[in-house]
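Just so it is clear, A, B, C and D label the chains in written order, and each chain counts residues from 1 on its own.
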Amino acid sequence: MTLERVHASFDAQSMMTTLGAEIIHLDDGVCHIAAPILPGSLQQQGFGHAALTFAIGDSAAGYAALTKMPATQEVMTAEIKINLIAPAAGDRLVAEGRVEKPGRRLIVVTADVFAEQGAARKKIALLQGTMIPVDL
Amino acid sequence: MTLERVHASFDAQSMMTTLGAEIIHLDDGVCHIAAPILPGSLQQQGFGHAALTFAIGDSAAGYAALTKMPATQEVMTAEIKINLIAPAAGDRLVAEGRVEKPGRRLIVVTADVFAEQGAARKKIALLQGTMIPVDL
Amino acid sequence: MTLERVHASFDAQSMMTTLGAEIIHLDDGVCHIAAPILPGSLQQQGFGHAALTFAIGDSAAGYAALTKMPATQEVMTAEIKINLIAPAAGDRLVAEGRVEKPGRRLIVVTADVFAEQGAARKKIALLQGTMIPVDL
Amino acid sequence: MTLERVHASFDAQSMMTTLGAEIIHLDDGVCHIAAPILPGSLQQQGFGHAALTFAIGDSAAGYAALTKMPATQEVMTAEIKINLIAPAAGDRLVAEGRVEKPGRRLIVVTADVFAEQGAARKKIALLQGTMIPVDL
């Protein structure tokens, strides 16, 4: 596992820059991504958009998977499901992705997304999905 | 069904503006949303980010559901799953959302997302999910 | 595609026998499976159990995928999601599975499940999932 | 929470009897269900059928949700997704269901399913879904 390549891949995702997202924790099989709820990331009621929650949840899960890959492979999301359980209200969102089952052909991943307001933290979404290796 | 309120809700989603998305077709139980693949919406290989595909697929499904709601209610995504079947490559993406099963408590929806390049069109994702009514 | 191997695989699934399920239609990328709502397949209110609906929906999707495989490969369900939209009430259930996107590494499938009562037919579930090839 | 009603509901599910399933642990927001891999519950390669894994995973999640309901309500599965990560091989399967987010309108649940062979235990599936209350 080389964590540098995870950061390099993340930095190459212009969507992450658009959303203001950053990797705040990275380890073997684990990736945490934080993003502010920017004025340009809202849904119609003023909460963070589900696409923001999805974006960092999916990416945290994907980069957790990437830590398990050899240097010759990347990963792509084959499928992922999100259950949204509370509005994305607060200062920022934090997604915690992890590998549930590494594999040569499929990597099963999950992620939780939290909304943080000052010291308060509330889980707002759960994701469960599948990443597939892609040769570079 | 008043289609005006769908447009009003859509226009209030700053995320849709950030992504350059617009409603291109709207009817009873149906909503199509298009978005260009903007320079700020990319993943690390230069294709459209999965979060863009998700954003317009989820929104097309949600606004299809909203056409079925009384004027006193909105909808929110309770859960949705996306299968990504091809890279988001091309000029623009188009999501076609539809209501599979309207209901008082749950609205089951699906959406297909296509990548368009000139006259060519390729399906890149399928979504299946659940919207729930929310009182205004 | 040899449809005989689909039937041979189906016949080897003792669960299908337990549930009284049978293949009623099979073609390239398509498989329909019917099952009665047996006295031993019920949930607590006397309707067909969600596991019955899942069993034939998943199998119809899987055997639709198998029609696309070379003779040296089988398929397995990697993941599948079911939305249940009405109770499984009636004489029998029919699942209609189809291949949405064939692939060398992943086959994306969907299925609808219907409850039939005499001449009446009602959709009770939608499934969307991923099959993976397995070498024999 | 009255655990008796959970057992009464479970006992009324003839599918659980057909599959030989039983509740082995029940607490507030938690339900564990075990089932042998019966000769009548197999897929074509002789492993436990995905429908068996689904049946006990979905039921464990549903009964975990039922422990949170008032005596005037039951629950039904609105939707659930399963990722299958290893073959169902061994003496018996055990599903551990839990409530992730209770709610008046939706209860978000997850479950893990394990295959046990003697003292060995292997996770074979993850489920994530939504239960809805139904008035009795």
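For this structure, a couple of remarks:
Quick note on the criterion: a residue touches a chain if its C-beta (ideal position, glycine included) is under 8 Å from a C-beta of that chain, and two chains touch if they have at least 3 such contacts.
Remember, it's a predicted structure, so these values are computed and weren't measured experimentally.
In summary, the chains found to touch both chain C and chain D are A, B. Set side by side, the interfaces A-B and A-D show unequal numbers of C-beta pairs in contact, with more at A-B.
Both chain B and chain C derive from one sequence, and where they touch, over half of the residue numbers involved are common to the two copies.
Averaged Cα coordinates give chain B a centre that lies 33 Å from the centre of chain D.
Taking the mean of the C-alpha atoms as each chain's centre, chain A and chain D sit 28 Å apart.
The centroid of the Cα atoms in chain A and the matching centroid in chain B are 20 Å apart.
For chain C, the set of residues that touch two or more other chains comprises 78-79, 81, 83, 130.
Per the touch definition, chain C reaches chain A in the complex via residues 78-79, 81, 105-106, 130, 132.
Within the complex, the chain D residues that touch chain A are 81, 83, 85-86, 100-101, 103, 108, 110, 123, 126, 128-130.
Contacts from chain C toward chain D in the complex involve residues 9-10, 12-15, 17-19, 39-45, 49-52, 54-55, 58-59, 74, 76-84.
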